[in-house]
Every structure is written in C-alpha cells, then in structure tokens.
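Each of the next two complexes has subunit A plus one other chain: subunit B in the first, subunit C in the second.
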Partner chain A sequence: MQPIELISITKRFRTAEKGEGEITILSNIDLGVVQGQSTAIIGKSGSGKSTLLHIAGGLDSPSEGKVLCNGTDFSTLDDRHRSALRNLHIGFIFQSNLLLEDFTALENVMAPALIAGKKEKECKDRAVELLNRLGLADRMNHIPGKLSGGEKQRVAICRALMNSPEVILADEPTGALDEENAGEVEQLLLDLVREEGRSLLLVTHNQDFAYRCDNVYLLKNHVLTKEK
Partner chain B sequence: MFGFRTAFRYAFSKTRGQRVTSIMILVGIAIGLIALLVISAVMNGLQNAQMDQLRNLESFDLIIKSDTLQSEHVRYIYGVDDAFRFLETNALLVDETSETSQSIRIRAFDGDIYDSKRMSQSFTVISGSKDDMSGVLYSYSTRNRMGIRYEDSIKITFLKPGKTATIVPYTAKLPVSGFFSSKMSEFSSSTAFMDYEKLSGIIGSEDSKIAVYVSGNMKTVIQSILALDPNAQIITWQEYNKALYSALMLEKTLMYVFLAFMFLIICVNLKNSTRRLLSNKQKEGAMLRALGCSRKKVNAIFLGQGLFICIIGEILGVILGKILIANIQNILDFVDSVVFSISGQKTVLALIPFNASIGNVEILFVCIFIFLLSLMFTAIGCRKIYRSEIMEVILNATY
Partner chain C sequence: MSRMNPFVGLWSRKRIAKRGRLTSCMILIALVMAPLVCALIFSDSMMEGITSKYIYLSDGHIQLNAEHLTSVSSLIGPENAQAMVVSADEVTSGYALMYSASNTSSVMIKGVSDSYFNDLRMKQITFMYNENPSSSSIKGIAISRATARKLDVGLGDRVALMIVPDDVKKVLRPVLVRIDAIFYSGYDQLDELLSFIDLDYARELYSDISSTTIEILVTPEYMERLDEVVSAFGSGHRISKWNEHNVSVYENFVTSRQMIMIILMLVTSVAAFYTASVAQQMVQDDIQEIAIVKLVGSSNALVRKSAFISVYTVTLAGMVMGICLGLLIGCNLGPILTWLSSLGIQSLSFYLLDFSINIPWLSIGLISLMLMVISFISIHISLSRTRHITPMRLFTTL
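Up next, the complex of A and B:
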C-alpha cells in the first residue's frame, strides 16, 4: 500500500473576474508516493506544484479525483479523522517554514505530538533529540523571530519528523535558504529517506536537488509527466 | 492541556500587538460591566428606597382584616417582625382663622409602634412627643400649608357611623400635639396621627385592621395567618399600592430596556474586538490545522482565548464596580464639591442620599450574559474563518 496515492486529480479555481468562470490548474493527475523513496515534482512557477502537494496532504481539496492516504480516501473522512490522519502519517515542511510564532523552537517541534495527545515528557524527550540531531541544541528556547532562516527551516523539519510520519511533504524546503544552508537541508531530507525508510514528496525549482531524488516528475500544462 | 496553554499564549501574545488588543478588549469589557452594574445599582437603590418607605409607612407589608385575630396572635407567627392594630379614617381639617380646609387621612395605632425599627426608619417626631397623643400629630407640610401651630385647637370633621343613617358627620376640636416628618412627601401631606382609643371612641373600632411587618417569607406568613383565621382578609403591600407599584415596575422594565441598549453597545464592541483577535491569529489557526488539529480543537483554542480575556475583564469589572457602588455616595459628594468649587452652586447629587445596591444574582446574570456573548461571537468568527480550506486561510491571511 502506498502512503499517498493521487488518483485522477483535477483542480479548478474560480477566477475573481466576473464572467471568466474557472481555470484549470491540474488535470487528471495520477501519482503514487512509494514507501522508502523520494519523489520530486518540478515545474515553472504557477504551474500548480504547491497546489498538488497541498492536495496530497489534505490541506486542499481536489475538484475531481481522490487522495488515498494509506488506502483511506481523504474525502470520505470527517474533519476529526482527516486531521488525525494528517497528524500521524504526514509531516509538512513549508516553503516559508510556517512556525507558530508565540512558541519556542522546542514547543514548535513538540506541537504535533501534543496535538496527538502524547505525554508531555515523552514529547519533550523526542523533540530535544531531534533538535540536537539537527544541530539546534542551543536554540531550543528561542522563538522563531530570533532564529535565522536556516534554523527555522531545520526546526520545521524537526516538527515534520516529530510523530515519525511515513511520508514527508516538502514545499520548496530550500527556497528561502542560502547555498550552504540549502545544501545541508537537502542532504538531511535525503538521509532521512535513506536511513529511516520514510517517503518524501518534494516540490522544488532546484533541478540538482530534484535529480538526487529517486523519482522526478515534471508538471507542465496541468499534466504530470515522469522525467526520472 | 495543549489547547489550554495555546489559548492563554494567544490571548496575551506579544506578536502583532495582540497583547495590546487583548488588554483593550479586557478594559472595554470591564468598563462596560462597571457601567451596567453601577447604573443598575443606583436605579435599584432609588427604587428600593421608595419601596421600603411604602412598606414602612404607607401600607406595611401586610394589612389584615379579621374579626377574631388579635395583633398578639400575629406577632408570634414565624417570620413576622411586628404586628399592631390600627384605625384609619378620612376627615376634613378646618382652620377657622384662615377659613381654609383640607381633607386628611387620620391614622391611629394601638401600641408603641412609633418606636418600632421599621417605622422609625422613615418617621420622625420633630416637635411635641409621640407619647403625648392627647391631640393630633400633624406633618410639617400640613403645618406650613394650613398655618397651624403647636397646641392650637383645630376643628376636624369625621364621618362616623350613625344610629339611623349609615354615616353622619361629627365635628370635634382637637389640639395639635406635635409635628412629624417622613421620607415620603405624599404620605406627610395627606396623613395625621392620633390616639387609638380616642379615634375608636369617635368612629368605632369595627374597621380596625392589623398592620404587619414581615422579615421572613411572605407566602409562609400569609399561610400561617390563614391557618389561624381562614376568613381573614389579607392585603399585601403590592396590592395596596397597586398603581404606584405598577409604575415602579414599569420604571424597572424601562431601566432594563435602557440596560439592554448598553448590552447592545457591549455586543458591538465584543463582536469587533473578537474579530480582530481572530484575524490576528487566523494564519496560526490554519497552521495548527495543518499540523493535525481538528477544526473543533482550533475553535476551542480561540474560544479559550476569548474567554480568558472575557473572564479577566469581568473579574476586573465586578471588583471595580463593587468598589464604586460601595462608595457611590462619597463619589457623588466629591463631584458635588468639585462642581461647587467651580460654579459656586450645589448640584442635586448630594441632596438625594440613597444606598446603591445590586444583588449577586444580578451580577451573575450580567456576567453570564457577557460571557455567552463573547462565546457566541468567537464561535461565529471561527466558523467564518475555518470554513475555508487550510491553505486558503494560510495564503490569504491578512497577517
């Protein structure tokens, strides 16, 4: 069973201008994220890569088609079960890291586990372990406003890994980073797939990073084609 | 626990001026609550003073007409403060010097009722003595209107039961034994007092009634009286003062309408500020949902945030409101002295001493109402924001 499977996904948006109706962003897309493999989606800006990733993670709904997470169709679940599925099986890394600004790095990392109802002590131990592993031991008690771009992105990665999800969805994880930090984050994500057997679905502009993944897809003219 | 902690953190978050907004809302709730409580207490105080005087002087708590009951029987009923027999009749005062006349109600009490706690709160003998009831005790306002003096003899025409006719006029010249004043000007200008034996000697004692001051439960006392004499006719103070009581109740209703407008202002304030609090944090709410919080959990966090602010505002409002209510007379005196020092004229504020009072039930009612409003507006705001897709909220958030 694939951790995430997209079947005949079409996404249309209603345009703001009157009379123009709807525009199609994604058309009849099928994609399977294979366990223990990394998959990259490349394409021009505005081609719908991020939208596809959001649909894969249940953050957005498709106009047509269905998304299966561990064989369960997202659209058949109520909000509580869909949230629980997202919480336990999917880890998100956003382009702009999207950390909770009132919480320290440690609390941000602990958040998904606390939401899942795990014990605080257990959550803290795991969060400290992750932050240490990603070299943030001395930044644990800093709020996001006091962290650099690279540090924030590493905190976001720790947060994505907190509940040991089967699949990590990353939207331009290195987009806002300098070359050195970007290289570190790329290596970290690929190591996670290789060492821990997780799946990675990645959206990026960075061709080098994309071609280091096991599978590469190009999104062009609303259609997804396999490149590698 | 995570939700509780997050709600508290969001309520007083330092980011995006959230803390300042929260404090402004909190102060707004507190001020609104203070205004509601003080206005309510002042109006209650004025009305209670009016009703207390009605019950102390005009109608007592109960008036009993019974052929068999004596005041002693009633006095020993549980919940009765005091009971005494009294007579009441209308008469015509004629001042021969000024050739003026005035109708007056003459009351006569059997016993030392003038010394009773309830009566003495509203009634004071200014000249003469209440123990000397050889003549008639008039009010100061009657004295001023009729031009009568202490120990003058005034001609009074009573209507007494006749031997052949039902009632016949009976005129007597009775001395003025003193003057009284009461807190009810209408009562003072229409009433005079005389000795019970003397009045019953003129008009007979068939119409005598028993006046009762009640400290306990009115219903229980009435039941106990009816148990002693099932044929007793009992009039409550509300029935006796039906017209005035209805007017006071109308005034109270209008006061609540006025307070409802204040509630409305608080509503608008709450609605706007809740919306601002939510829009400050809508992106974070969507992020929490992306991390796996259900819509219900996120709503609960924002409800918690609103309620934290509301509860602190209410606690502050109740404490300050109670302090203000307890010191309202001092505050009015202070305002009066400030106005006097500026304008050289006294205001009406210091002339009307009263006890502002508000019951805990009323405070609780107001607090619960504001609490529910806060809950409702936050819930509506949450519904509006989180009806959209998560990414839609994140990408379109104002912040």
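Up next, the complex of A and C:
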C-alpha cells in the first residue's frame, strides 16, 4: 500500500476577475508516493506544485479525484479522523518553518505526539533524541525567536519526524535558507528519510536538490510528467 | 473518564502565560465577584440583623394577645413548650409623645419586667445606666441613644410623656419620667421608636388591656417553622408572627433581597459574557497558531477544548479570587462601616451598623454557578469560529 496516492486529481479555482469562471491548476493527475523512496516535484512558480502538495496532505480538497492516505480516502473522513490521519501518517515541512512562537524547540517537536495523545515522557524522550540527532541539543529550550533560520528549519524537520510518519511532505524546505544552511538541511532531510525508512514528497525549485531524490516529476501545463 | 490530551494542558498553560488579555480577564472577574460577594454578605447580614432587632426588641417571634401572662405550657403542652419556646414575656405597650426642654419625639413605650432582657435580648442591645439614680418617686425610663440625641437629653435628665390613649375621648395625661438608661441596638430606625419602662407602671399608663401581649421567643429549630408553633396553640387565640406585625418591613426585606439578587445576577451575566469576548479575541489573536496546530494534526475539537480550558481556567481562577476577596472584605464589614459612619455619612443611619456576619453561601453559590454556566456556554459559542480556521490559512495569508 502506498502511503500517499493521488488518483485523477483535478483542481480548479474560481476567479474573481473572470466572474463565475474557473481556472484549472491541476488536471487529471495521478501520483503514487512509494514507501521508502523520495519523490520530487519541480515546476515553475504558479504551476500548482504547492497546491498538489496541500491536496496530497489532506490540507486542501481536489475538485475531482481522490487522495488515499494509507488506503483511506481523505474525502470520506470527518475532521477528527482526517486530523488523526495527518497527525500520525504525514509530516510537514514548509519554507516558512511554521513553528509555534511561544513554544520552545522541544515543545514544538513534542506537539504532534502530544496531540496524538502519547505520554509526555515518551514524547519528550523521542523529541530529545531527534533534536540531538539534528545538533540542537543545546537549543531545546529556546523559543523560535531565539533560533537561526537553519535551526528553526531543523526543528521543523524534527517535528515532522516526531510521530514517525510514513511520508514527509516538504514544500521548498530550504527556500528561506542561505546556501550553506540549505545544503546542510537538504542532506539532513534526505539522510533522515533514508535512515528512518520514510517516504518523501518534495516540492522545490532547486533542481540539484530535486535530482538527489529517487523520483522526479515536472509539473507543467497542469499535468505531471516523470523526469527521473 | 478519559485522560485529558496532554497537548490541551500545554497549550492552555502557554496561552495563559502569554496573554495579558487573559490576566486582565481574571482580574476583571475577580473585581466583579468581590463586590458582589461583599454586597451579598452586607445585605444578607444586615437584613438578618435588622430582623433580629425587630424580633428580639420589638415584637418577639410570635405575639399572643392575652390579658395576663398565661402559662404557655398550659396552652401547647409541656413537651411542645420545652421544644418550641425559649421565653414568653408579658408586655404592655402604647404610644406617647416625649418632651424635653428643647424637642419632642414620638415613641412607643414598652412596659417590660426585669426578666424581659434575657441573654438573647441582651445580645441585641447595649445599655448605659445612670450610676447615681435619685431616690425620688419619679419613675425611670430607658430611651434610645437616637431619641436622647434628638431630645438633647442624657442620663438622669427628666422628660415629659404625653400618653396617647386608645380611646380618643380620653383626656391626654402628661407624666414626668427620669432617664435611668440609654440603650443602643445598632439600628437607629428601630431605636428611635422604642422606650422601655417598668411593666407595672406601663399597666397604669395603658390600662386598656388590648395593649397587653405576650412576646414569645422560639427555639432556633423553630425559627423557620413559626407556623408549626402557631398551630400548636390551636384556635381561639389571637396570635401573630413578627412578619405579620411588621408587614412593610418584612415585605421590604423580601423585595430588597429579590432585587439585590436580580441586580447581582445581571452583573454576573455581563461578566460572564465578557469572558466570551475574551475567548473570541484570543481566537482572533491566535489564528496562525491554531492553523499550525491543525496542520500538525490537531482536530478542531482539540483546539476548541484547549482554548476553552485556557479561558475557563482564567474565569474560574478570577471567580475564586473574587469570592475570597469578597469574603475577606465582607467578614470585616463591621469595622469598615463603623469607620465610614465616623466620617458622618448620613445615609448610613438607615442601615444597621452593628450586625453579626452571615455568609450567604447559597446565594454566593448561585451567583458563582450562574457565572460558570453562562461563561461555559458563551465561551463555547464564541469558540465555534475556530472551525473556520484551517491550515490553508497559513498559505493564503502568508
């Protein structure tokens, strides 16, 4: 069973400029994220890469088609079950790290596991282990405002891995970092995904980063074509 | 009962620690609850105190109209008498105009025997006696401090009494009496009317038997069950309860108590609805945080629960603080009122300034329950908008 499977996904948006008209962003897209493999989607700005990722993560709904997460169709689930599925099976990493500003690094990392209802001690042990692995042992009790961009992104990676999800969805995870930090985070992400046996669905402009993944797709003219 | 999600606790703690608005909410609730509790203690204790003054000094719990003191035991049986009655005293009373050299006052003269001022009554009244009474044949009288002030007289002074007879055809008879005692019950409104003289002398002054009654004080167990005592006397007796004797006073108390409760409940409702607006503002301030939490897998129900616990904890903490503060002030009302009275605030003369504190737990409980229920409902309603905050907000607003 594939951790994420997109079947005939079409996404249209209503546009104010065109009255009642709609524009198509994604058209009839099929994509399967293979267990233990990394998949990158590349394409120009505005091509719909992020929209595809949001749909894959159950954050947005497709106009047509369905998204299966571990074989379960997102559209058949209520808020509680959809949230639980996202919580346990998907980890998210975004360009802007989206950390909770008044939570410490440790608490940010613990959050998904606490939401899942796991015991605090168990959550803390796992979060400390992840933060240690990513070289943040001495930054655990700092709030995001006291961390550098690279550190924040590493905290976001830890958070994404906290519940050991089958798949990590990453949208330009290094887009806001300088070259040195970006390279470091890219390597870290790919290594962690491989070490932990997770799948990665990556959306990026960065061709070098994309081509280090097992599969590469190009999103162009609303359709997806395999490049690697 | 299921274990609370650990994230709820963490989120709530963070919200409370971060939000000055929540602290302000807690302080505001405390500042609303404290005077409400204080007002309840004040009104309840004062009404209880005034009621006691009327009962112990003016009318007794029950008045039995009888020509002479009848043995209560013979009327209701020895067992009932022992269980129900503390004391039964013959009282002859009537009205008189009291004259001093400088002023006049209308008073009620109560003729009582020495046994009248038992321990229960003495708890309600303070006497100052003339330590050097003259041995003249002029009879003594005890007047209130309020009357003494009004007539500008003191211990040992003489005043004239113009007895007002029941029969209008009778001739008015002025008599001279000497002030042997000045009393103070703490409630000027009642004190102004009362004067005490010896029972036998009162009988002389008010020979009309219709003014003679037996004032009965009942045991604490029967204070709220006066109807049972009245029915124990059976028919054939003219019996009245203190509230029937003081209908306007009693009805004023009942109305005042109801009005105070209604006003306090309205104030409580406003405070409770304020918590809802705080919850709403908190959601508005935390849109990004809520969207992030949902992004990492929190359901809307969990977000609502976390936000609810933050606001409700603060509301309850404010309520408890307010109740404690109100109790603290309320239990020290005596010295505060005495101090205010010493400043010469006229309106305080309408209140009883010396009363024992009676904490109305039931009313405080009702007000608290109301605050809890209204804030519970209104916070829940105001938090319903969290369902419109989806993780997609993070990408549409960034």
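The criterion applied here is as follows: the second predicted complex is superposed on the first by the 226 of 228 C-alpha atoms of A that agree within 3 Å, B and C clash if a C-alpha of one lies under 4 Å from a C-alpha of the other, contacts with A are read in each partner's own complex, and residues count from 1 in each chain.
In this text, a contact is a pair of C-beta atoms (placed from the backbone, for glycine too) under 8 Å apart; a residue touches a chain by one contact, two chains touch by 3 or more.
Keep in mind it's a predicted model, so treat the numbers as computed, not measured.
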item	value
Subunit C versus subunit B on the shared subunit A, clash or fit after superposition	clash
Touching partner for A:Q187 - first (subunit B), second (subunit C), both, neither	neither
Touching partner for A:I115 - first (subunit B), second (subunit C), both, neither	both
Partner chain in contact with A:D79 - subunit B first, subunit C second, else both or neither	both
Touching partner for A:F92 - first (subunit B), second (subunit C), both, neither	both
Touched partner set for A:F103, first subunit B, second subunit C, both or neither	both
Subunit B versus subunit C as contact partner of A:N132, first or second or both or neither	neither
A:H54 touches, of subunit B and subunit C: first, second, both or neither?	both
Overlap of the subunit B and subunit C footprints on subunit A, listed as residue numbers	54, 59-60, 79-80, 83-84, 86-88, 92, 98, 100-103, 111-112, 114-116, 120, 159, 163
Complex contact set, residues of subunit A against subunit C	50, 54, 59-60, 79-80, 83-84, 86-88, 92, 94, 96, 98-103, 107, 110-112, 114-120, 123, 159, 163
Subunit C - residues contacting subunit A, complex	3, 5-7, 10, 14, 17-18, 289, 292-302, 387, 390-392, 394-395, 398
Contact footprint of subunit B on subunit A as seen in their complex	51, 54, 57, 59-61, 79-80, 83-84, 86-88, 92, 98, 100-103, 111-112, 114-116, 120, 145, 159, 163
Touching residues on subunit B, where the partner in the complex is subunit A	1-2, 9-10, 13-15, 284, 287-297, 389-392, 394
